[in-house]
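In what follows, chain A forms one complex with chain B and a second complex with chain C.
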Partner chain A sequence: MSQADIFVILRGLPWTVALTLGAFLIGSIVAVPLLAARESQFLPLRLFAMSLIQVVRGIPPLLWLFIIFFGLGMSYFPISPFVAALTGLGLIAAANMAEIYRGALKSIHHGQWEAANALDLGRLSTVAFIIAPQALRVALPSAASYLIGLMKETAVASTIGVAELAFQGNRLSQLTFQGLEVFAVVGLLYVVLSLPVAWLSRSADAYLRSKVAA
Partner chain B sequence: MLPAYEELVAWLPELLAGLTISLQVAALSLLFGMPLGLLLALGVIARSRILKTVSLVLVEIGRGAPALVLLQFIYFGLPATGLTLGSFTAAVVALAWNTGAYTSEIIRASLQSIPRGQRDAAEAIGLTGVDELRYVLLPQALRVALPPLLGFSILIFQGTSLCFTIALPELVSRAYEIGSGTFRYFPVLLAAGCLYAAVSVPAAILVGHVEKRAGRYAER
Partner chain C sequence: MDGAVLYLADPPQSSQDRSNGGIMMEQGSNGTVIRLRALSKHFGAHTVLDAIDLDVRPGEVLAIIGPSGSGKSTLLRCINYLERPDGGTITIGPTTIDASMPVERAELSKLRRRVGMVFQSFNLFPHMTVLRNVSIAQERVLGRSRAEAEERAMQLLSRVGLADKAGQHPGRCSGGQQQRIAIARALALDPEVMLFDEPTSALDPELGLEVLAVMRELADSGMTMIVVTHEMGFAENVSDTVMMMADGDIVEKGSSNQVMRQPQQERTKRFLRAVHDR
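Here is the complex of A and B:
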């Protein structure tokens, strides 16, 4: 494999990064109202959010992208591969992030709610000023490992033609018949990409954890 | 937008045949992958340098690279070394590797969660290394590891959808083929999605229950 080949693969890097960060951002934001619905006092809303999360997680990412790109895109409204991938992965990220937030919420000591109640803070203020700042800190390590998982998940976008790392690798292996080296380099690139996230999360975790009430 | 009843009846045999292949690949991958995971877990905590390095490399690549890339590496890459695998075998090998890498971390964490005193006690009554593992450590560790292992099994079942890219006639491939033949992509893909959900969602609920019940073992 020549140096030029490696540059061809690297051309996929911006797409992988954009897809990962975009889907993660969408997921982290959409997960908040989703979690609010999941924890709502109103039973129908709670059931709706619960089943939505289960169904989104129950269907493989590849099939979600197909449903959006081929199912909706080809028959109802045209959609670009990148937008389809972003929508599908964003949806999946939202369901998974909602579960991560929920786990973090559960880990906050009950006394925090009681103390806020004793100070006569409203439910919204309690969540916004007392619970959420601590829960986010607890959620960080799981969110970081999910971010790494999501990055690897973006490889499925190659199947609908987003020109990211796996797509470039696939095309190059068909051109050069050197699948062994090409896929080894692509696999290694994903490993290398996950290293800074893992490192950042580990060093941030210890610092943030010290600011959560036991 | 929804599939008509006649369409569903026409598609269902084909889709169910695909689901059967998906389930077979998932079952075989787990069957080979989980023992591999145990071996890799023992390899990573072994004293021998070589064993440790080999296990670590296998685990880090198996977890670090996307399953899709592993699959294509084995199916499109390995033939260059003279080893050509059919798509079914390649799928099982790749997903078993993936399973081995992930489950080794789960099993290792559960082995390390057992209090040190258990090992000391096993040594004190003169158990050999294998007996210590077989009668003292593993029975306790596997209880802790069971919920995450089951959870991972669902992910591997979903991961079989990646075999679409190596032309294995599993569920997604069949649905896509029907779609391109009839141009009824949305209904048929939706039907395939329902079949996946029909397996994954009850399984996920079951795992949730197991998790709650196993909680008392994990807390010790």
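Here is the complex of A and C:
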């Protein structure tokens, strides 16, 4: 495999990174109102959020991208492959992050809510200053491992023509007939991408732990 | 040991002189700071509080004793609406809340600001420094500036003998220290009444002592207190009045001497005997 071939593969890297971080960012933000709806006192809202989360998580990501790109994109409004993939993966990330946040929220001892209530901190202050900082800490390791999972998941975007790593690898292997070498390099790049995430998550976790440790 | 424990032997004010160190006391019309009327709470078909009537005078220290499940915690938690009562009224100073009606957020706020609460499990905020634990509600609830809130927090931490812990996280403090921080945190909103739910039950006897010393100092300073406790020593020696509860009812209530030494009710006698035999 020539150096030029490697550069071809590397051209997929920014797309993979953009798709991963973009979808994760969308997911992390959209998950907040989604969780708020999921935990709402208002039953219809709660049911809506619960079914949305179930449906989004229940359908394979590949199918979501097809629905958005071929289904909606081709028949209703034109949409680029990248935006379609970002939308689909962002939606999936939102549903998954909502569940991660929810698990973290449930792990906070109810005594924390009670202490905040007894101090007359309003609901917003309680969530913002007491609950969320603790819940985010709990969510951090799961969120980081989800981020790595999501990065691998972005490979499905190649099926609708986003020129990310897997797409470039696939194209190159068809041109060069050197599938093994090409996909080995692609695989290695995924691993390399995951390393800083794992490292950052571990050190952030250790730092936060040391701050509140018993 | 620190200053707080010394007060056990040498209280800063005699208990005759309960002048409430400078805190303005708002009183109900007939000299009660807490008045409960027909306060009731059910969990399903189970009556946990059966129409409780209770008056607490300003500066009074009331100990609540009674067997497990008798409704002591529920009573405390209903007083500041951590648990919503099903009926009856709660009057704290000039604020009255009728539990049979929907309660407005502003009324609830008034109630909660007048009442400080200390939990058996401390419930400090583990992600904040000790100082922040004591200052945050002052800023968010009373609207004090950061500087003002931290100055007051330092005063309160000194009062419980823990000024040197201000910059640490609660996880680095012993249980007894954590509970004293929790007391400082509750005092930070300048409450008229302090509620304690078994504040020493989660502690070794020795660590419990330092918490009891702080509570005693608080009592001597004139704070109105309701203390659910299994510490018969506290009920007998620190509290003014003792109330015995069983099955969601008040079995008897009287001066601490009377209830602890000459209980009138068979149920109280049985309970005290069981406690002493342990």
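Keep in mind that, in the parts below, the second predicted complex is superposed on the first by the 209 of 214 C-alpha atoms of A that agree within 3 Å, B and C clash if a C-alpha of one lies under 4 Å from a C-alpha of the other, contacts with A are read in each partner's own complex, and residues count from 1 in each chain.
One rule holds in what follows: a contact is a pair of C-beta atoms (placed from the backbone, for glycine too) under 8 Å apart; a residue touches a chain by one contact, two chains touch by 3 or more.
If you're wondering where the values come from, they're calculated on a predicted model, not measured in any experiment.
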When chain B and chain C are modelled together on chain A, clash or fit: fit
Which superposed partner A:V186 touches (first chain B, second chain C, both, neither): first
Centroid geometry (CA): angle chain B/chain A/chain C, rounded to a multiple of 10 degrees: 110
Touching partner for A:R137 - first (chain B), second (chain C), both, neither: second
First (chain B), second (chain C), both or neither touched by A:F129: second
Which superposed partner A:Y76 touches (first chain B, second chain C, both, neither): first
First, second, both or neither for A:A115, with chain B first and chain C second: second
Dominant contact partner of chain A by residue count, chain C or chain B: B
Overlay on shared chain A, then closest C-alpha pair between chain B and chain C (Å): 22
Chain A-touching residues of chain C, taken from the complex the two chains share: 80, 82, 108-109, 112-113, 115-117, 119, 121, 123-127, 136-137, 140-141, 169, 171-172, 182, 185-186, 189
Of chain A, residues touching chain B in the complex: 54-55, 57-64, 66-67, 70-72, 74-76, 152-153, 155-156, 158-159, 166, 169-170, 173, 177-184, 186-188, 190-191, 194
Residue ranges of chain A touching chain C (in the complex, touch as defined): 109, 111-112, 114-115, 117-122, 125, 129-130, 133-134, 137, 211-214
Complex interface listing, chain B residues touching chain A: 1, 60-61, 64-70, 72-73, 76-81, 158-162, 164-165, 172, 175-176, 179, 183, 185-186, 189-190, 192-193, 196-197, 200-201, 204-205
